[in-house]
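Structures are listed in the sections that come next.
In what follows, subunit A forms one complex with subunit B and a second complex with subunit C.
Showing the complex of A and B:
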């Protein structure tokens, strides 16, 4: 059977929301990982991503951000998580979900890890987020777990999270 | 009936030693789109990741153009190139030890048709330098069956760098 995106795990948030989404015991049999999410949060928040529960200051990233009213780029260095994406710009309400993707190549290698991501939200408002990320985890361990957590509040019901493995052979 | 394949690996290369170019040849025309995933561990000096394509042999004529949007540590920018001899996806000026990884995900849309010019979409970046998005054009109606990436100026890419080409089929 030809190789494809192989779904490793999925999570759909139920009633009441959830404070954190975890992918644990990630198989080490793929080449790359891909995270795709559709998210809404209970408050204006930043979604953070953490690998292997590493909370030392080993994360850095450059962000390119457009809102429709302004464009900016900046870097975050020496953080304890990656700032992954924002579900909404203005706390746009229960029906607006952001679309987000994070790609991690060679996640089982003993090299430091690169992460490439993008995030978009559209709410028919004056402003909304479009973001590009280039991230780094300065850690040589293979990735075996991934956590996504809002900086404040919870992921709202109906938010979805999918983790795929991609093989190069 | 099971769904058709999505990302199907065509070829992969991991550099055992530094080298200037990685080339994918004799690419099958049976897919709809191609995706190239590049992850480099850094280089000893400022490496440019120049992308050229072709049919049978790579085209190094002035047949490429692109629009780039880029964010670095302080400010965003957008630039264009026209009548270029390659699509420059970015550069990496950090070694593995100092935390520099360059990564690119580059899509070649409808690469095997023989009626249109070829569009390339790419997302790339180095977390110590910049994040970028690129749309590029190869002004040729020939099918793409060869892709080469590397520094046209001669700087080599480091051992451990990985390059994987996937095919995507629409049906």
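Showing the complex of A and C:
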């Protein structure tokens, strides 16, 4: 159970959007990290996540997705990035954001790094996406940077990104 | 030229910089992979839907009746 919950950084994308958001020089003084985003993108896209700029094929993930009419699951291994299936996955429209949360436990440890999360789109439609997500990076380095980038296009203006540090003591 | 937002979590400084040529190339590779994944997924979804329709037809069930069976 978290003892402290500290905002490390908060950011809002300006006009023109941005192709990537990098959290660098992440303090190594917390136990876990939490990323909260509210995002839209300029085109049909998913969020890709990389730790420490690692782009070798050491990422794997499982995704459970519901659309309101069907359920699907995806299992990927040996990828060069995590694909968190998030904003504008269904290209819901310019004003439809998705709310996403990613939890990274023990990010300073010398163990393999894991991430879990959930995502929902704000679309009030027959089809609206909800996703549960679990990923892994087969790398023992402490996480000092996190990159989030859409697979296509840019994060749209007013997309927000918050990084929190969580301590257990 | 696409740009990225860099946040230094120690100092709080935020800067917007242009992507490097390498980052742009990676971005284009990511986009191509995303498109390939989407196409593959659509093909898999379509094949699954077709197989499901054929099975329901063989069983003489509607989709609603099949859903009732497994509920």
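The definition used in the following text is that the second predicted complex is superposed on the first by the 164 of 169 C-alpha atoms of A that agree within 3 Å, B and C clash if a C-alpha of one lies under 4 Å from a C-alpha of the other, contacts with A are read in each partner's own complex, and residues count from 1 in each chain.
We adopt the following convention: a residue touches a chain if its C-beta (ideal position, glycine included) is under 8 Å from a C-beta of that chain, and two chains touch if they have at least 3 such contacts.
The shown structure was predicted, so the numbers you read here are calculated from the model rather than taken from an experiment.
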item: Subunit B versus subunit C as contact partner of A:134, first or second or both or neither; value: first
item: Contacts of A:27 with subunit B and subunit C, given as first, second, both or neither; value: second
item: Which of subunit B and subunit C A:125 touches, first, second, both or neither; value: neither
item: Which superposed partner A:106 touches (first subunit B, second subunit C, both, neither); value: first
item: Subunit B versus subunit C as contact partner of A:8, first or second or both or neither; value: second
item: Subunit B versus subunit C as contact partner of A:142, first or second or both or neither; value: neither
item: Between subunit B and subunit C, more extensive residue contact with subunit A; value: B
item: Which of subunit B and subunit C A:152 touches, first, second, both or neither; value: second
item: Common interface positions of subunit A, toward subunit B and toward subunit C; value: 72
item: Contacting residues of subunit B [partner subunit A, same complex]; value: 2-3, 5-9, 12, 37, 39, 41, 69-76, 96, 99, 101-105, 123-133, 160, 162, 164, 166
item: Residues on subunit C engaged by subunit A in the complex (per definition of touch); value: 2-12, 14, 16, 19, 23, 26-27, 30-31, 33-35, 37-38, 45
item: Residue numbers on subunit A that touch subunit C, as the complex places them; value: 8-9, 11, 13-14, 16, 18-27, 44-46, 48, 55, 72, 81, 83, 149, 151-152, 154, 163
item: Complex interface listing, subunit A residues touching subunit B; value: 1-5, 31-32, 60-65, 71-75, 103, 105-106, 111-116, 118, 132-136, 138, 166-169
